[in-house]
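Consider the two complexes below, in which chain A is the common component and chain B and chain C are the respective partners.
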Partner chain A sequence: MKFNPSNNPAKFTRAISLALRILVAFSFAPLFGATPKIPAAESEPSYLTPLDLQLSPDGSRIYVVCEGNDSLIAVDTHTNRVVAQVKVGHKPKGLALTVNGKTLYVANEWSDTVSEIDGATLAVRRTLKAGWGPTSLVVGRDGRYLYVANGIGNSVSVIDLATGKELRRFSSQRSPQHMALSRDGRRVYVSNVLPHLRPYDEPPISELTVIDTQKQVVAERILVPGVIELREIAEAPARQGGYLLVPFMRPKNLAPLIRVEQGWVLTHGIAVVRPPLTRSPVAGSPSPQVRGSQSSHATVSLNPLPSLSGRGWPAGPGEGEVTSARVTQVLLDDIDYYYADGYGAAFTPDGRYALITSSGANVVQIVDTARLAGFLRRNPAVEIANRLDSARQFVIGRLPTGADPRGVAVSPDGRKAYVANRMDDSLTVVDLARLRVTSTIDLGGPKEDSRLRRGERLFRDARYCLQGQFSCATCHPEQHLDGLAWNLETPQLGRDRVANRTLRGIAETAPYKWNGHNPDLITQCGPRIAKFLFRSEGFNTQELQALVAFLRSIPLAPNRHLAANGQLTDAQERGKAVFYRRRTNDGREIPYQNRCDTCHPPDTHYTNRISTDVGSKTQYDTISLFDTPQLDRVYEDAPYLHNGMALTLEEIWTIYNNYDTHGVTSDMRKEQLNDLIEYLKTL
Partner chain B sequence: MKPPRLLAVLVSSVLLSAIATGTRAESQAIPTAKSRSGIAKRHSPLAPQQPPIIFVQAPEISANQLARRFPQGSWLVRTAGGSAAQNVVNLTPEFFAAADPQVSFDASKVLFSAQPQPGAPWQIWEMRVDGSAKRQVTRLESDCLRPGYLAHEALVFTVVTAEGGRPVSQIYVASLDGSEAHPITFGPGNFQVETVLKDGRILVSAASPLAPGTQESGGLYVMRHDGTGLASFRCEHRQPARHAQAAELADGSIVFVKNTPGQTGAGGELAMIRRGALHNSSLSPGAAVSWSPRPQEGAKLIVARTNPASGKSKFDLYTFDPASGRFGEPVFHDSKLSSVQAAPVTAHEVPRWYWSTLNPQARAGHFVCLDAYQSADEPTGRIAASVARVRLLILENGEERSLGEAPVESDGSFYVGVPADKPVRFELLNNFGAVIRAQRSWIWARPGEERGCVGCHEDKSVAPENRWPLALRRFDTPTRLGVEAETMRVAH
Partner chain C sequence: MKRLLFIVILLVTATVLAAEKPPLITRWENFTTANGIPDDKVFCLAVDGPRVWAGTEDGLVLIENGKVARVYGTGDGLVHRVVMGIAVDKRNGDLWIGTFGGLSQFSGGQFKNYTNLTSGLLNDIIYGVAVQDYWVWVATTAGISRLDTSTGEWRNWSEFNAPFHEPWSYGIAPAPEIGKVYFAVWGGGMIEYDIATDTMKPYTDPDEEMELVLFRNQGLVHIIVSNVAFNPDTKMTWGSTYFGLTGYDGRNWHNYLTKDSGLASDFINAPKSRGNEVWACTDKGLSFLDYKTNTWVTYRRNKQNGHGEIEITWPDQKKTTLEAPTSLAHNYILNMEFQGKDIWVATAKGLSHGIREPQMEAQLYGNAKLDRRSTRGRQGEGAKVSKDGFPKSGQRPAGSQ
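For the complex of A and B:
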């Protein structure tokens, strides 16, 4: 069969383009260096990088998880000194205590384990196996079960603490990173950092997954529309209705990024999640308690959910069912002043205040909950999600912290709050009676900032953007991606929407951007970022070098699909054969430019670093050549293709490869495609 | 420029250059206020820890146009700071009038506007804070006033010209050596520099509404140093008033003076837009008339105010606490002269700088409106009537004419290309071509500017919804009105 360009222009263009680009790449390789070398590893001090923290039940100790040096630290709250430290697994992220405080559990993200630790001696008692990428965990009230959020596995493991074995696993949404146990112990809340996989031209929807601890089922999947990056979960005291506060980011990725003022690009706030209106057993009407609280306010007709008070959370109706939990979104930003990257959340014991850390703004925000309740009573929920003048009505203070404040915990007596300053190796101590920062606890990390450390600080600091609106980390949570396709400023507004890409393992994957226009990270992150994204001054030369050094140092996570010994499963082996095949199932030779390993060669992170037309251009794209993405840990990078229109790896070929322009797959059996994908996940 | 005026400029420039040279050589021999004005020592109860201030003294302050605020002349003086009673030193004896002192970020220099003799054009000058080393910065034929330091060795200032016998002012930006002076405003509105905000944007005041037949008042606007992003600062017109004399406090709040229509004389009511607030609130207690609030160290202000009990329109300097809304002790007062525009001689934060996204070769700019239905004037925040099209009007040679119309999508979005640097305004039309809403001020797009608007007249505290504007899904947009298609757009 002869190839006719007019029958398949995309394929023809791709072939020509590939030939030309290969020619160019080889021609100029001596000049530019075909394979950039990774800079010599910088000798990096062992920073602590505290992330999560909790107080012992008697308030005498603060336990701090330090992801930088794989440790758990105990701080005496009377002396504000570190009194004990223990090594745990790799990249610990989350911390949980039993009710009596005698046992601690630490989620070790890169070890896929949980460290069980004696609260008195800080000795590791045992190491439990968890799912992929445990990031957060809670212990049931009775101490029998441990619930572990698996950030890579997108699941929640239930571990029987008597046996140390996983009993069952629930599916969460994407990248569950934070958990909380309800005060009555009946529910486990799980927040998911990444949104649902949805069509790339629709607003995101995120999920708060609720697990019923009695029935051991997923009781609710509470949808939070329009937001991503749900973070820590704080539950109000029961007498205040037990509502939840969850920090979020509210992106505007569908409009062209041509300005940042007035929340044009994104805003930061909290989801106020109230229990569903429960039906009375007799009349089926909303419970009297809730109804009564509504009737006292003039806005009832506009807002059926005006009160934060209520009966509390009912038992869930059953696994996976979407219920009517009431979600209201309020912003913590002010007009002209933004508080980027909400992260930690905690209530004071009396529920008077809620504390929210803004890790990109280096502040902890103090929410007066009575004012918040009043504000919600006065304002229709549907109209406040985008209002930038709300926060000043209930945020009564913004206290400066150290760099990159994350977890926040309040002492049992409600007198103090502690904030983990991730990039400062310190804790900020807040006097909650005076609402002032009273001291900073040095956790003992290195005193000098290395270049990489400085670079990471810059990565997480929103001050480089106009009005402090966002940092690099805002759209690259966990140095990864936000799951969205953005409409960056392009030669034609509304065109060339592109999916956000991971920053993990990118050192040797130049050029950058989907159009392949940026030859290196200095170009990618220099004036371009300042001019078109931050709309501000940007980084100076030294800062830029530090930032790029940090970006180049971001490692890939361990591959969960590949056995520790590198041995492939049968399916993976079969998939490997498909990846490297030279002939179709019926014996036709596959053209060189249409083989998987031509554009995704194994020796360069599975990218030939050449832009290629794989037939993915849509009517809204002005170009057809897109940078060939690396395939390392590709299973973490959904959605796929340049604009994120393929929600899964399967869809790349089952939906968007009708003309074999993205490798020859039309002859494959379903099993072969499955095998191919199994192999790709091992890369 | 008329010959006599040009001659005056030349003579004064030569004369002042000589004086400036002399001042550099004899920096100790700075005449005092007394030597110039014959006025004795005056009370200055600045606390010992307070820095010196530079301010304007004038026998008379007029509410006249910007270039005629000091009909009997004025001069900059400096207190020594700290001591309880002291002389002030006249820093500008060479000039007939001097005003608008702006202390540099490192507190070593002062930008100011000055007029060598009556009738000569005001120009921007810079000197050391002790009055030495004066140098002329601007050399335009028009009056140059109200300067402000920008980052990266640049300044912004107000240029006043006469058009049809009436003064018209625009904003200019130049290098700090005076070179590359160019306008960054392009519409009628009598734009005046108020201050440079810490985030790098320039806060300006301008008359509005501007369209024919509407009552004129004045509001605050923000814009970038390349003339892009002009936007109303909070868009407050609940009551007609002129908002001017604005300054930014350390916490980001904006304090300004509000004049209501019909109010005569200089000064007005002190008002404030607190950080994060949508609306301003009144600060002035009692019947005092305030002028030129300037931030002091800490959260306080130095404000020029009249003494209602005296029955005079003379201004003295007082501290003012915005938190309590109360004036403190007088900072400086003189029995005959007004004291205004106090500038503490302290180092302060360098405002941010921006990379301009303009394309100098482009002849067009673009407006993208996400939702024309949004309207702060409506109780619901949205226009109830159906908007079908948008008409663009341009102002050329004092005449207003239509450039054409563009479709407004069902989501309220539209996308148009317009001639760059030309004053334009929009009218929303219904299906029958009737005007539903008309913009009452003039704006512009700079060459290559992609101007994004949340709405046409939306509440400034509302961030946009996240949606792909229908106007940007079309393949026939932008609708070019008065411009040809260009291919010189900047890609990123």
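For the complex of A and C:
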């Protein structure tokens, strides 16, 4: 019997899909042979992976959140021993204490919950529902409200601690990961790892969201231009002006990546957010739109508060009377060596020092705040954002830590600082009087070093890059993406800009790169990356295999758009029908190559692993065929298309599919497109 | 004891008589391009505590402390200059702004925009916006859109998936107290969304043939519904049409036309209601109905002298006309909003702040020598006012224009 595709399109699709997969498998079989085979459930020790930490108000205990084994640990600061441990939700990330220290809260990112824990017994009292992906949290000064940053939901939940219910939700920028309560309790600061969604050929803008705890409104959205990956927030004591320090990464993604030294790829530093010198005339007035690729100094409005009085911090050169908050950027890198991946931030109680952890460099940097103030007084803000000779004037020490130092906390008496070494299951103890590391506290994790663990350590270590400039994790924060389009290709300068892609769930999605040229991760991460990006010898064979093993092990986050029982909503069901449709609304047959599931088949992570021309080529591109991306958790992956020009899923079809080259969508009503997108979010 | 009883009766009687007199807006403070708003055509309003937001044909205006504090335009990030609807999310302070070019969210001093091309928004021409919990409802020229801010999901209702005779949606009134949301649809009547069942139910003309009601309270007065408002106190929904005012209590309809009420005009752009108050924004002035007493007050601007005209229509249809020194900016009223006892009124020629002044109100009533008992039976004879409309003392109220 003759097979007619139009009679049985589903069968035809499956046949073509199978043939393509066989073809792909045979084509790349020798290359796949070099890829480490990772069993589906490689036996992995239960590492602690400490991430965040805080001291009890009396300084007798350190509480440490351990992302790896879903626990909270209490360490006695007199004996430096672990005295208690409790299981919390999945992938705990943030920690908060009430003012009296009697209650602790842990944000469980993958459970979408918060664990309420008795500070004395470490028993879990309640488990509270949060938004999607809670990452960080703070308790209001009066203990009535808990503020939770939802990293996937891009929001901040306010939970009434009397009832345990969410009262309200504030929208944040993308991927809020860190929070801080102002010393006077009147403001909650939220930093966002991913920048605003903007045109791919414009510089990034990040945001520090400010919530007024009295009025319960978003008081400000402080823009920090030219940077991404805002991390922990530290507030200086009021007598020093109450300014904020926030670590960041400053990319140069718009310039062709031909020169690595002198900060031409990216740099690491801190945003100094200073209060206005006088009262802002109009509370809540909008921040001016920030434009210009080299802008490093945002003048933004900030409602004046007593704690942000500006005392002790006069205007810099030429600043005169400033009526709005000033964001100044300074680098913590040196000319010949970089300190990658700033993360933790804390002040000593007297405000003399600020401590910044550099997780890619395995150091904690000691900033002399008086020197920093002097430096900022002497130098106009616009001149220092890219200066690599700045840090030597105010960084007075860089102390070695364990691997991947993250959270940092200072004891209430100001004598010691503690750093959580995420990849070492330990804490580094710093004597702040002598500015020396005095000891390391073993938190008790497994002692063997698994291949995945080694691989992850390599992923987060910037030493493999020229001058320690960056690690894999620098551009893939949270094993994800940085939201930017990079000008990586050198053959034709300024062309072929490509959007960064996630590393989550990529094990079976080869080939890699948008041009599909890398058949496997060994190729992707091997000598080519070493020579082209790292400008170094890169990883040796064993290291590369461990790194790739880790990359292949990175899981997808739970899907927040799909019900726990897998049941689709009506809209999702309708969207599914659109995804698999064979005919247009007016009955015309959709050509095989223009059907959604042809290039995005469900049994291979919704990618046929073949490069396709979907009409997305721009004047900057030298090719028109681009790798078909997988669609798993596609809602986390904005911006879209090879260069990130589609800022939302809708734009893929409303703006960039004028000729039905990316599926047939021109006949669809808006409701159908919305349904399709709702279905795509369930994948 | 008898004496005490007499005093009580006297007080009660006095109170009842006094209650028959409707409260009056006695002073108007107007905002035009002359004192800071960017365009005289004001389409919509939202009150957020002491802040008043006004949407104009050329941007968004913030008024604080009786002054224009700030004007926002497309240069500030607003998605389009023509602002047709504003809603405040009382839970987080965000402002949602419907324009003729998309939807803007104003939060923390920054605008975030949603358009038909960049989001699931049904259409960029927006007439109304409302916030209900995590939902942002948007009335567009192509139907209704709803953004769930907690999930990012957009849902749309139009003639393709809902009982929209016409999709051109003008207004939205969340009614959480009764689990409903009401929509005003130009040519499509009033549509009721049931939150629990996720269903839409249309209310059109009763026989579905004539477009208008044939008998006074048989149904929706006309299917051209220009806006809608829900009164949480009485649980009544009010719709404005270009052919009269309509109220729906969940069972019965209560329709009002100029011919049998004190309504200024049957051409109504928007209703508003709270307590016993029902307001109608018409093309010939602003009308107020005391629903309990069926007493009407209409505010107009006297085109000859610019003074305010206050026309009271008593339950027995007799009228009393008072004259106030200040007036609405214009008689073509597009919308209004409450701010405590004050009201704010969007007109085609400026923004008006209506203020109640008990002393001035007493003077106006006193000046008119108003005696309700004496007006009965004197068909068509209004109470007398002084020639210039001001209190006989000649004292103009402070701030009058």
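Keep this in mind: the second predicted complex is superposed on the first by the 596 of 683 C-alpha atoms of A that agree within 3 Å, B and C clash if a C-alpha of one lies under 4 Å from a C-alpha of the other, contacts with A are read in each partner's own complex, and residues count from 1 in each chain.
We take it that a contact is a pair of C-beta atoms (placed from the backbone, for glycine too) under 8 Å apart; a residue touches a chain by one contact, two chains touch by 3 or more.
None of these values were measured; they are calculated from a predicted model.
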item: Overlay on chain A: chain C relative to chain B, clash or fit; value: fit
item: Chain B versus chain C as contact partner of A:Glu651, first or second or both or neither; value: second
item: Contacts of A:Val210 with chain B and chain C, given as first, second, both or neither; value: second
item: Which superposed partner A:Ser155 touches (first chain B, second chain C, both, neither); value: second
item: Which of chain B and chain C A:Asp667 touches, first, second, both or neither; value: neither
item: Vertex chain A, arms to chain B and chain C (CA centres, degrees, nearest 10); value: 140
item: Touching partner for A:Asn253 - first (chain B), second (chain C), both, neither; value: first
item: First (chain B), second (chain C), both or neither touched by A:Asp449; value: neither
item: Chain B versus chain C as contact partner of A:Glu220, first or second or both or neither; value: second
item: Closest approach of chain C to chain B (Cα atoms, Å); value: 23
item: Those residues of chain A which chain B touches in one complex and chain C touches in the other; value: none
item: Sites on chain A touched by chain C in the complex; value: 131, 153, 155, 167-171, 207, 209-210, 215-221, 223, 282, 284-287, 289, 300-301, 560-561, 571, 635, 647-648, 650-651, 654-655, 669-671, 673-674, 677-678
item: List of chain C residues in touch with chain A within their complex; value: 62, 69-70, 72, 75-77, 91-94, 105-112, 116-120, 122-123, 134, 142, 149-156, 158, 160-161
item: For the chain B and chain A complex, residues of the former touching the latter; value: 151, 199-200, 229, 231, 234, 252, 274-278, 352-357, 366, 368, 370, 381, 415, 450-452, 454, 460-469, 471-473, 475, 477-478, 489-492
item: Chain A - residues contacting chain B, complex; value: 201, 203-204, 226, 250-256, 258-259, 261-264, 267, 331, 334-337, 383, 386-389, 391-392, 466-467, 487-495, 527-528, 530-532, 535-538, 619-620
